[in-house]
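Could you have a look at this structure, given as structure tokens, before my questions?
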């Protein structure tokens, strides 16, 4: 059974104008236990919603319109599935009124039936595993630095002993040096403890270092899914190419960063046909009328009429 | 899914509520059947102090009159004077020296015997304490002890109504060595104080060796209900044997109630609308007469007050000695056409050129006044006079009244002693309170004369003349005299209602 | 953490004394601004200038305001609240008798409104934008928008007439119960008179409901909104991610964070209720502090006004201090 | 430009609560307009010249739909006349005390330290003074009318807002975006208006709509002692406190003003609630705030 299996998944939100589709018809898998699947896309493309759906944390005004998500064969929203999530902003993701120790210990209390004292000892242990002093169990979230708070989130994730970890832009709020430390720690956890990781980011540079497989998302759809090397070497979808080309190269002197013209469409008013057509340099008549279907190619697939 | 905690808490609350409701219904508490005869009085009046030298409000007077006796009393149910602690009294021909002969063998609750020097001590104590009612004793020059049971009052000036003044609570003797009389009263009256929970209830116990014999009930409880609606509910449920302060609106329903009965009596309090003759144009008599004819008195008496008051035609209420029945003929009646005619004659046809008058009232002191004022406002609007009602709390109202800061006012007058003098002098003599700025030298002179004559027939003749003059000057709009009424359970006997609102629980009994 | 609380408490009591002094000064001035004085109030239409002048001289009201104030403060420092002009005896005794009655009613009303308000508020928040939420909101609005005057009278008639239960006052006058604590429910139990206890219990329900329904409605709306506000915060997602039991998420994480606005308003309304609801105390013949203050102002009995406002401000300030300390206990961020 | 505005209002009305609230409020306003214009009775007309006894409720005589009060005046007409007066009084009070309370709360919550304790102690003083005593004092100085009642009630309710706002500012003050703004060197005032204010507006508005009912009820309490509106002004408080004395005999002169008062306050609260959801940055019209 695959660690993660997403089939024809569509998710909708109830807003003041009725149901709005945010994720449409996504198919993704994680096949190995220690595999890192990166989910890349601009903000507002639905990657966070997908991440929350995998973790079974969709807000009350969201619904899975079609398809399913299975983790080791079990449906994602069932209670028995344990998926850990590492959020972007640790300050708001930690309860300001409880000490760090309490917020970790409660996992041991409720999941592993430990007494309060034992649970706190376990919390101390897991904190030191993420490189924080044991005494931090008495500290409150607002007393820690950004990096330390992010480590606490990772500690919480590890304490849960999850079957899958979802990391939603875990390091965006951090400076570059702390960012590297956190990501290396995450990678070593995944590889050493064989816990699959769904890594959500908008930063392609980080993906190059972290991911085994990469899925590019645009306007609620996965437009390209490839092995890391294959994608960087030979990007197929025009959007992927545009993303890669806007990556600044250290060794090349450039006056102005290349950008993609136009704005990603907001859910609820996606264009007809291929959703990238307004911004796609290679768009032709078919792109404006027909929605492209998925075309399997070596070790992955792409959703573009160029390859139909 | 474990039963979420919130449902459990909600469940607990529901269960607790059910238990309370169950106890409420199942164990219908049996009303307590104490062995001794207890009589419960419900009243909207909340007593302030129990020291007779300080009492000047009805609420305190009701309790104090049953703990103390004053020198002179009333014949039951009338305004005629009757002996009480003083068996008899007489005065010299100039009515300025009065001698009272005390009853013998009267004992205070603490056993001391009542003698003349105790009466002298009590009057001097009251004078020295300078409480609110102390001004009533100004007329006394000095008090002399003639012998053990005779006391003489030498007055500063001739004052015929002195014996009726001696019915006031301030004339109740107090034991010389007693302290803290405000809370621990010791009198000669039919009841002794057992407990006073301020704002809640006063518990009195029968004084077994009272000089008129012990009262019929062993314990008298006076419970305070600030709101007449609650008092009515308590009366209907039988929690209260007698109720003082039922509001006019409830009378019709209560009369239909088979196990209740009502005792009522013509009152002495008068309610009127005064006009400030210091101010233009209210000094114009024709205008004041027009206003008098514009008011629909019947509508006020029958619809607003529901027959709980009788019409007042002149300065004196019908129940007082010296009242002239003809006043009902020449007094003012509702006649809007005449009112309009007079208004035109006064120089203001249909109210043209008249400014808006400000009518100050205090409904906090008497709730019905607000409705009566609204009717008057409407009546005057119909003949072209516009009036703005200003409802003030009681002291603010009095402050503006005494500073003559008003066009019109509505207030009632409670006599200190039952004699026409206590209406005419303070309200119409320019040397009295002079609230309205009314000045008629003839009235001043006659009022003074009437006060000094002792022959009752002579006094009646003068007061008849005074009433005619005053009604003709129309300083006021003479409104009504509220009737006194008391509701009680069917099985209550012996209660007698006095026009001067003297409340006596001594003869009361439950059959 | 302990040191900062002790230091904070000391600093707060110092401040509180200042504001009590402030309250005394303002009430002293305010009561003198009111037209008329105690003599006028009692003498009524008989208040001739000489009568007023004589009585006010006797009560020392003819002295200049500063003089009166200094006299009042000097007696206050000796713990003497002075004597009521009209009643002639100690103000402290007068107030002491009224406080248990007021407290008993308020505490009873508070328990009902807090319990109902917060639990139903949490329920409405968890099921927000559903039929249940809308009915609870409308019920809560019905609760606090209904005029107390009308609510009191209707409850009085419903309990007294329709249900035929004893109503009005604290106890049936025919019971005689010794006062140990002043709390009628406790005193009747202490004196072992079960019938009296039930009678008192039945009598306290309608006035308590008249206070609790508006307050409960208010707390329901407030807790619903502030819980909703908290439920949208990210750390609730973290708590859900930990797959903790529903009640732990709600009680340990959500409600605890939502408590701050709730405590502020609850504390505020406890203090407002301390002055008692004149209307409830009048309608249900409840000898509370509210009616005492009301009658004192109506009779311009300055000593009683100043005494009761002093007591009320002490109660209010202690309640507020407790609320602030609760803040600190709940929210570590405010502790520095 | 028009499309954005219309979208804004469409969004606004889209929210169920606001829609219900606005519908009730507008229908009440229209009804009172018609009543004032077309009612056969002046609001203070005593019925005796129409010979209909007061406190009667005969549905045979069309004009007296809701019966008459103790002076024979038509309850239906007066209740709707009072709608305009009471709503404007209520709004005046919440705006007056709301704004002052908001400023005090913001300043004392944000600045903290001495300013905070001084302001809060002043609030303690204001709260401990009985409201009706203040009302009598103001009435004594300015003469008793509905305006003084509004001033008195406004002054007494300032602490409610001040303390609530202060509580919220305290908890928001520590959050990241405020600290970031402070580090960025923004002036105190800009931080308050740009960062703190939008964050606390939702709860503040909710509280304001709730306080509206307290304001109207407080005016009623003042009428209870004759310090609010004066006869014959039609005002709910005055009507209810007068009708209360006749409740056993005729319940309608007291209950209908109470009912209309409830409907008005319900509509304000539904609008307030809807606004609170609408103004909340997280729940703005996009996908519930999730990227």
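By letter and in written order, the chains are A, B, C and D; residue numbering begins at 1 in each of them.
Here is the rule we go by: a residue touches a chain if its C-beta (ideal position, glycine included) is under 8 Å from a C-beta of that chain, and two chains touch if they have at least 3 such contacts.
Since we're looking at a predicted model, the values are computed, not measured.
For the pairs C-D and A-C, the count of C-beta pairs in contact is higher at C-D.
Taking the mean of C-alpha positions as each chain's centre, the chain lying farthest from the centre of subunit B is A. Centres computed as Cα averages put subunit C at a distance of 22 Å from subunit D. Subunit A and subunit C have centres, each the mean of its CA atoms, that are 53 Å apart.
We define each chain's centre as the mean of its Cα atoms; on that basis subunit A and subunit B are separated by 86 Å.
For the pair subunit B and subunit C, the distance between C-alpha centroids works out to 35 Å.
Touching two or more other chains at once are residues 52, 89, 92, 96, 142 of subunit A. Each of the following residues of subunit D touches two or more other chains: 136, 140, 174, 244, 247-248. Chain contacts: subunit B has residues 229, 364, 393, 396 touching two or more partner chains. Looking at the complex, you find that subunit A touches subunit C at residues 52, 55, 57, 60, 79, 82-85, 87, 89, 92-98, 103, 106-107, 110-111, 140, 142, 153, 156, 160. Against subunit C, the residues of subunit B that register as touching in their complex are 1-2, 4-6, 9-10, 13, 20, 23-24, 27, 29-32, 34, 38, 40, 46, 48-49, 51, 54, 56-57, 129-132, 134-135, 180, 182-183, 197-201, 203, 221, 223-227, 229-231, 233-234, 236-237, 239-240, 364, 393-396, 398-402, 411-414, 416, 426, 433, 435.
Taken together, the subunit C residues at the contact with subunit B in this complex read 34-37, 39-51, 54-55, 57-58, 86-89, 94, 97-98, 101, 115-116, 119-120, 122-123, 126, 153, 156-157, 160-161, 164-170, 172-176, 195-196, 198-199, 201-202, 205, 245-247, 250-251, 281-285, 287, 291-292, 295, 297-300. If you check the complex, the residues on subunit B that touch subunit D are 228-229, 232, 247, 249-250, 252-253, 296, 299, 303-304, 362-364, 367, 370-371, 373-375, 377-378, 388-393, 396.
Residues 44-46, 48, 53-54, 70-72, 136, 139-140, 143-144, 225-227, 230-232, 242, 244-249 of subunit D are the ones touching subunit B in the complex.
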